[in-house]
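What follows is a set of notes on a single structure, which appears directly below.
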């Protein structure tokens, strides 16, 4: 199983499936970094709404993926963390420190499409 | 006793009553995470002005609730910590590390409504 | 002594009762303002430890005097498992139950005195005192 | 005991199997909602540690009771290298493997009880318990 990555205009949307193995997560990280370059993407949404559990390894990996995207020039948002998953993460002591999170895909895309400082003169 | 949660536009306002039991605090955590999703809330104010004591368990739970809200895409602010309560918390060694606190409901809402990066060019 | 108060502690609602009684008795002893909250907070920590680590026990509250100054004595007693490493348990951040590990050291900071007597398999007694200014 | 479940852990896919079994048994014990995810997350951490630090081992899952309350007991056992400094290993942020160092202390926060028995060159056994409310 791999992570489907869709291109939507300037942005990439990656939907992480439940119970992704560590190797698959690592492949996904490589793949996403490569596509950000190929498509010159400005933003990445990582959707984890299908994920039923984020342990310390998965959290660290997703956070790394988000930070790598940013270094490659694309903002990243992690969306769709389920309530139970969020609750267990926080109890465990985990966070996506330094990474933006949003409720779902729609909010994530809205965040990426928000007017930014650089757009000031345009309108 | 449950925690009343009011919806006000984009935001949720939860008023924690005094002497909430641990089970009630945990129910409140679940309920709030669910409502953030249902109402697509962008911010949450947790008002503890009616609370006459915050021990280490209650502090940990409220902090968890605030961090879970953020993972679900809603900023959280804890408001209304009474002077006596704050004093005892500090003596005990407690803090809401990593969570924004504000004086009262008004300041909390003002914080959530502050202009953010995305609002720059628009108005 | 008419001022003696005993609260049986076996559930969380008893923790709330113990801190209310503590607040009341501390006021009777002459404490006021933030001291009442400080004393109730210390009681909350040791009472919660009884529920969490020993399942059941009791809190005894008493007005006492030191050199004529009134104060309050709080005894939290249980016949639970005892504390294997008391020195660690009194340090900030040490918890075997997933807590913040601030209960005992924090209560010590809130009160004037805190002593723990514990024996493995026999139980734990925490005695705390605070005197009016 | 029909409720005993054993999952051999030697690869990452076994970690996924162990947490699925844990979720199933926890539901059978009467846990629901976020508790199921909490228990599965704790299992994931100790199972991953087996793969990462001991190469292979096993997870044993069992329904148990405390004062009539049902709960779940999780035992993660391996014959790997053991943990040289257990006290440090139980602290937030300590990792010899480049991890976040939150696995053991985090699992302790997620569960009601967590104990580790370890001997250098002999192996490690982590026992965790959680009781229904």
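Going in written order, the chains are labelled A, B, C and D, and every chain counts its residues from 1.
By our rule, a residue touches a chain if its C-beta (ideal position, glycine included) is under 8 Å from a C-beta of that chain, and two chains touch if they have at least 3 such contacts.
These numbers come from a predicted model, not from an experiment.
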### Query
Both subunit B and subunit D are touched by which chains?
A, C
### Chain whose mean Cα position lies farthest from subunit A
C
## Note on the structure
Given that subunit C and subunit D share one sequence, their CA atoms superpose after a rotation (degrees, nearest 5) of 75
### Query
Between subunit A and subunit D, what is the gap in Å from one C-alpha centre to the other?
28
### Message
Nearest whole angstrom, what separates the Cα centre of subunit C from the Cα centre of subunit D?
### Response
33
### Task
Let me have the rounded angstrom distance from the C-alpha centre of subunit A over to the C-alpha centre of subunit C, please.
47
### Task
Mind pulling the residue numbers of subunit D that touch at least two other chains?
33-34, 109-110
### Task
Pull out every residue in subunit B that's touching 2 or more other chains.
23, 30
### Query
Among line, ring, star, complete and other, which best matches the way these chains touch?
other
### Query
Which of the chains are touching one another, listed as pairs?
A-B, A-D, B-C, B-D, C-D
### Task
Within their complex, state which residues of subunit A touch subunit B.
79, 81, 83, 86-87, 89-91, 95-96, 101-104, 107, 111, 114-117, 119-120, 122-123
### Query
What part of subunit B is in contact with subunit C in the complex they form?
19, 21-23, 52-57, 59-60, 83-85, 87-89, 91-94
## Note on the structure
Contacts from subunit B onto subunit A in the complex sit at residues 29-30, 33-34, 36-37, 40, 64, 67-68, 70-74, 98, 117-122
### Message
Which stretch or stretches of subunit C touch subunit D in the complex?
### Response
55, 95-98
### Task
Using the touch definition up top, name the residues of subunit D that touch subunit B in the complex.
33-34, 133
